[in-house]
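Take a look at the following structure, please.
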Amino acid sequence: MELLGLYNYWVFAVLLMVGFYAVIAKTNMIKKLLGLSIFQGAVFLLYITMDKVEGGTAPIIQKGVDAVYSNPLPQVLILTAIVVGISTTALGLALVVRIFEAYGTIEEDETQRLDLEE
Amino acid sequence: MYLAASFAIFVTMVLAIIRALAGPSVYDRVLAVNMFGTKTVLLLSVVAFLYGRPDFLDLALAYALINFISVLAVLQFFENRRSAEDQSTEKT
Amino acid sequence: MWVLSGLCLTAGSAFVLIGGIGLLRMPSLYTRLHAASLTDTLGTLLMLAGIIIQAGFTLAAIKLFAIAVFLLLTGPTAAYALANAALLSGSVPQARLLDDPEP
Amino acid sequence: MTIVFGIFLLTLLVVVAIGIVRAENLFTAVMLTGIFSLLMAANFFVLDAADVALTEAAVGAGISTVLLLGGLALVPGRERSRERLHRLALAVVALTTLMVVYATFEKPRLGDPDAPVHQHVAPWYLEMTPELVDIPNVVTAVLGTFRGYDTLGEVIVVFTAGLGVLFLLGLPGVIGERNVDDLAVGRSYLGHHLVPQVVGTLLIPFILLFALYVQFHGEYGPGGGFQAGAIFAAGMVLHSLIAGEKESLMVISPRMLVLLMAGGALLFGGVGILTMLLGGNFLDYNVLAENPVAGQQWGILIIELGVGLSVTGVLLAIYHAFAARSR
């Protein structure tokens, strides 16, 4: 039971590395982007895991109720990071679109080959 | 009671994920995603009551309102692709 | 009251489960769509009704009611859009009985 | 209970993540990303982070799938099939996973109230928010005032990313050679589908209303500018889907979008300048009103509005940039 309290961190580790695998092993650029967003999700999960307090509730203070509240700080960091994450993913996607228009492919090794041929 | 309901929702979520991973066609996957969305709405409502903080229903409300936009985007995506194919066949 | 809400929740859970099993077990895309979308609507409504009964007349109940209404609108729309997209891509529903010979 | 829910949802998360990486068809991968986001939101909710879950819901359900599909429409939809497992990468990844897992044995257990993260500044936030700001939602208070610099930085990052997309892809009527009038000729949209048309038209006001509710109720419940901006953008994306690209760009013109992007960030920064002119520090809202607490509340209201405007502008502009490119 004690070890189950670490499960969130293990899932974080696995997710992080699943995303990382996509970034380093896949040649398709969209796949790399999706891997990056999985990686991002893993980090979000790590932060939000840390905010949890046993028997606590979300940090919205109820007047007159003596409750334990979770840690608001990681939530603030991740809340903004999610919106930043989607904008940067969109930026990456725009780059991929332009790469496709220039090279006619979105496979990384093919674009490198085309670069060398020039 | 809420526990039984959330258990049913969990099982359905697993079934939907199996369908989403298995396919076979892309539409099966979209269907599974859509179903997963409604199940999430239900799960969030049930869990909000289980935790005794019903003011968090906003979350379920948000999903109920905007989750189907992605399915409409899928329809748009395929319509666009089809009209692009039509044009390219006309040219040749 | 509790009995009624319990009945609603149980029936809703049953429908939700049936929908999930149908999504997995049905043989073709359109039958799966049928199984998933119909039970989804009814099961969701029943479940939300069960929770509304337990919530009583509060702000939460009104929000749940809004959720139910929106799901009632969006669920079938999504199913419609999906069936349409599938049809556009040229996958035609197979209308044949089980005893019919393979076309 | 939380632990059981959590373990279940987290296991599904891993399964779906592996599914995303393995999927050969990119469309499938994008659809699975939708499930990934839903699971993420449910996880955040179970872990008591209602605000974060609402953000993930607003972004994941309304925006990210639509954006990814918009990008996917412009590139080939399949991965090259010659994909086999990359041995070296797999070994590196497996080794690192084991190392990270080994490191977690030092971590405090989930929910441990004695964890170092709960000792530092968080108790102070929870204790002082009712006194200094007097709004119930501590997350909004920390976001708006205690860590206002940080939030301003994040808004600038979002703005910059949006600007980058616009420079890369162009936005009709503002960046690039094309105008709004060139759009929509022969563009297929959902106008001839009656059911989405009717239901969408019915729902758009509610979505926009809900966005406003999230925006201005953010001090009392889960919500705030980031979430509201994403929901508002989702509502306008729905409008664009059912009414057509061109009509949507007439409702909120491209120039207006760019104005929103910049105006929101400027409003945020402007509040900071204003507080300096009134004799306080940058983003020190105490000086905005006679009563410091009322000043704080005014400050949070205005900067959340700035955040909402900027996020709406950026997400909508990005969507239109992708959508207009496909024709």
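Points to keep in mind about this one:
First chain written, first letter: the chains are A, B, C and D, and each begins at residue 1.
The criterion applied here is as follows: contacts are C-beta pairs under 8 Å (C-beta built on N, C-alpha and C of every residue); 3 or more make two chains touch, one makes a residue touch a chain.
In this text, all values refer to a predicted model and were calculated from it rather than measured experimentally.
For the pairs B-D and A-B, the larger set of C-beta contacts lies at B-D. Per-chain CA centroids place subunit A at a distance of 20 Å from subunit B. Centre-to-centre separation between subunit A and subunit D, using Cα means, comes to 13 Å. The mean-CA centres of subunit C and subunit D are about 29 angstrom from one another, to the nearest whole unit.
Within subunit A, contacts with two or more other chains are made by residues 57-58, 60. Looking at subunit D, residues 50, 72, 190, 193, 196, 200, 203, 206, 221-222 sit in touch with two or more other chains.
Among the residues of subunit B, those touching two or more other chains are numbered 13-14, 30, 32, 53, 55-56, 58, 61, 65, 67, 72, 74-75, 77, 79.
Applying the touch definition to every pair of chains gives A-B, A-D, B-C, B-D, C-D. Residues of subunit C that touch subunit D in their complex: 70, 73-74, 76-77, 80-81, 84.
Residues of subunit A touching subunit B in their complex: 57-58, 60. Residue ranges on subunit B touching subunit C, taken from their complex, read 1-2, 4-5, 7-9, 11-16, 18-19, 25, 27-28, 30-32, 34-35, 38-39, 41-42, 45-46, 48-49, 54-55, 57-58, 60-61, 64-65, 67-68, 71-72, 74-75, 77-79, 82.
The residues of subunit D lying in touch with subunit C in their complex are 190, 193, 195-196, 199-200, 202-203, 206. Residues 51, 53, 55-56 of subunit B touch subunit A in their complex.
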